[in-house]
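Below is one structure; the comments refer to it alone.
We call the chains A, B and C, going by the order they appear; numbering starts again at 1 in every chain.
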Amino acid sequence: MSSKAELSSKATVSLPSVVPRNYGLWSEAWERLLRNRAAVVGGVLLLLITLLVIFGPWLSPFDHVIPDWDRAGQPPDAESSHWFGTDAIGRDLFVRTLMGGRVSLLVGILATLVSLIIGVAYGAVAGYFGGKLDNTMMRVVDVLYAMPFMFFVILLMVVFERNIFLVFVAIGAVNWLDMARIVRGQTLSLKNKEYVQAAQAIGVPPKQIILRHIVPNLIGVVIVYATLTVPQVILVESFLSFLGLGVQEPMTSWGALVNEGAQEMETAPWALVFPAVFLALTLFSLNFLGDGLRDALDPKDHY
Amino acid sequence: MIAYALRRLLGAIPTLLMLITLAFFMIRLSPGGPFDNERTLPPEIEANLNARYHLDEPLAMQYARYLGNVLRFDFGPSFQYKDWTVNELISSGFPVSATLGLLAMALALVVGLSAGTYAALRQNSWIDYGVMTIAMTGISIPTFVVAPLLILVVALSLGWLPAGGWDWTPARMVMPVVTLALPLIAYISRLMRASLIEVLHSNFIRTARAKGLSERQVIFRHALKPAALPVISFLGPAIASVLTGSVVVERIFTVPGLGSHFVQGALNRDYTLVLGVVVFYGMLIIVLNFLVDLIYAWLDPRIRYDRRWS
Amino acid sequence: MALLEVRDLMVSFATPEGEVHAVNSVDFDVEPGEVMAIVGESGSGKSQTAMALLGLLSENGQARGSALFDGKDLLKLSQSELNQYRGSQVAMIFQDPMTALNPYRTVGSQLREVLTCQRHMERRQANREALEMLEQVRITDPERRLQQFPHELSGGMQQRVMIAMALLARPRLLIADEPTTALDVTVQAEISELLRDYQRRYETAIMLITHDLGVVAGLCERVLVMYGGRVMEYGDVRAIYHQAEHPYTAGLLRSVPRLDRLDDEELHGIPGNPPNLLELPTGCPFQERCQVAIERCSSLPSLTRANHGGLRRCHLEGAIE
């Protein structure tokens, strides 16, 4: 026993400076990410969809709101520039699908931001201060965790005016629990790191320690988790819109378009297929990218 | 074990109270009353309605009354279906939803556990990649996209199954059950694969191999049970996901379950119905989570004995 | 004939960073009934040597060379053929009993299956033998222990259970990989004593893998010192203790507290770290940490006859102080 202790204590004396610099860690993670084919495909696809959703509507001569009764229910056709066909009241589905995509992606990103801010703040505070405060805060999270989340969102939609702003606030406000738990766990382990203890020892106030030392080190896990939250949120939004409880006419989202498409799928399957494919591809890409990021940033979990 | 169960049961009480309180005040603090869409009502009728639904009492009184009623499983009358109580709507719809949910859960467990195990044992093979890609697809394609596509192909094009409706026959159950089960199958197989791979790397598996057990014995005697534990803890969220999914699935397949009533209630702003269903589902989730915890503790000896665990 | 004859054993692992050579061309014998030790720091390849013998290397690992057990080359056997040997002929005790025992099965079931799964013994008979073996490893209240789960036992108890499990089928060779490292000092002594008593009674050969020369002195007859995946010195324990002929062995010995030298002599560790197996230096693997290294050390010395009758791998002549 003593020989081992002896060996190891001596060994640390001449430990070479193998601690990699920060950018080294990130570039290593980046290389691991690039080796993951599914994640790369997901990332590229996501980029393409985003660009199309942002700039695509300008490529088409049509508007997404004005009906054209003469052309109602027209199948996809390049000649008339209705590339995805038209819906039951003659609106161009290419433009509507992309406009719906804007809403879905925007809600996904904004609601994720809301949950991220609440979750990181809550988790970092609970984890950093620990003790009784941590116990109470985590008990609250436990209790909220057991709530039927989706039903509360629906309840919120019923109670308040149905508007898009509320959709993402509602989703974000109930979706921060996972983030809080993960951040708290990370903070607990960071708190015991030497540099944080050193900062405490020289009297740096907690707020600064959290902002300067804890939060920056959470970036990896937060990026991973945020990437995996976006598809969840998009799913929730489209779920609500599908039920008619989310985005309201004339605005639209992928969920609302799938709902409209499903009602006339016998006569006009294209109205279902295009938004469905866009929605599924986006979720697919985000999930693969998120998985890839997790493996790249946390190789421990990588088998 | 009994002490553990009691402790868990006690822990569920604040959750239950929180659930009822949140739901109640969310409804009561909403802008506008429940009869807003019938604004032309004469004042005396509105007063009558308010009295019938106890809306004329102070908020605290209403809350106490509601709490008391809920604890006696009385969710009050429906706002929109004038002759129905929420209880009647629940008892007409819930058996249908529960049947679908239980079947979907069973299907998901059988398929998910086997697919995950199979993929883990053939890690990085084509089969593994295939199973995991299908699982990711299952996670990424929402229920409300899968369901119409199933109807389009299986019912409308091939004519194998009825497109919707309900009469308690297997033919009408197949598509709703499969649709509900798909995302769960995806999650469970991914979870099982990851956890089995992790377990297979653990020291006690090496010990089992060193003892001369065959690969089959190693897996069945030593690896499967610990690997299935994360799946057991996933059952709680899975139950919630089935309940949520049932809302969409019942609507698409026109199944008269509680989910259908709930959506209809939400679209009609039927406050008591929506509140009742949220509270009912919340209670259901709490009770089922409690059962899942007990199963977990029964499977994991370390939790059964460790008193500090709570 | 030796019970186990290891010749030119090589173990390597394919990693994303390149091929890691954990064990390089190692030869040794284990005679029936003898206790031999493989000694080295972590990363010396001593544990991987043992894992390779039982086919327990991780998936990216590969073993070459030969390991004749009773005339059969263990390295050439398939996993199912190996199962004829594992547990029943060659058993193994692992370092950390806490994780080496399955936390989800009772002690009894983990003991019994050694006899029931491979040798198809009847359950009741297996239970009797398990009880008897628990008594032999001096576990109190063995009846109750059989019903208990590993986490209900102390670390020392758990390691006794591991030992009982390994000995249950009366193997001819017991490989003990750091059997005492994870335990308290007092418990360490008890476990060492247990192994020694058992070995004397049943004449089981033991291959002890350890970093602790103190444990070796009390148990073993011959010792193999490894560094950077290579044999550095090999021979009789007493002779080597008396007169080490490799600077690494000498360094290890200086870091052991010894009761026979109660003078003011200080304890010294070996400065520096075990080598990076990805970039082993050509030449002597120990050269970077060796205080008496000379220019010639950049070429690998071969194993030569040592004055103590064993083997040594060093360019320098004679004893090292």
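Just so we're on the same page, a residue touches a chain if its C-beta (ideal position, glycine included) is under 8 Å from a C-beta of that chain, and two chains touch if they have at least 3 such contacts.
All figures in this text were calculated on a predicted structure; none of them were measured in a lab.
J.: Determine, using the mean of C-alpha atoms as each chain's centre, which chain is farthest from chain A.
T.: Taking each chain's C-alpha mean as its centre, the farthest from chain A is C.
J.: Hey, which pair has more contacts between C-betas, A-B or B-C?
T.: Pair with more contacting C-beta pairs, A-B versus B-C: A-B.
J.: Distance-wise, how many Å sit between the C-alpha centres of chain A and chain C, to the nearest whole number?
T.: So the centre of chain A lies 50 Å away from the centre of chain C.
J.: Measuring centre to centre with CA averages, how many angstrom lie between chain A and chain B?
T.: 23
J.: Go ahead and note the Å separation of the Cα centroids belonging to chain B and chain C.
T.: 52
J.: Do you know which chain C residues sit against two or more other chains?
T.: none
J.: Note the residues in chain B that touch 2 or more other chains, in rising order.
T.: Residues 201 of chain B each touch two or more of the other chains.
J.: Provide the residue numbers of chain B that touch chain A in the complex, in ascending order.
T.: The contact residues of chain B facing chain A are 12, 14-15, 18-19, 22-23, 26-27, 29-31, 123, 136-137, 139-142, 144-145, 147-149, 151-152, 156, 194, 197-198, 201, 240, 243-244, 247-248, 251-252, 262-263, 266-267, 269, 271, 274-275, 277-278, 281-282, 285-286, 289.
J.: Where on chain C does chain B make contact in their complex?
T.: 54-56, 58, 79-80, 82-88, 91-92, 94, 96, 99-105, 113-114, 117-118, 149, 151-152, 162, 165
J.: Where on chain B is chain C touching in the complex?
T.: Residue positions touching the partner: 201-204, 206-215, 217, 221-222, 225-226, 299-302, 305.
J.: Provide the residue numbers of chain A that touch chain B in the complex, in ascending order.
T.: Residues 142-144, 146-152, 154-161, 231, 235, 238-239, 242-245, 255, 258-259, 261-262, 265-266, 269, 272, 276, 279-280, 283-284, 287-288, 291, 303 of chain A touch chain B in their complex.
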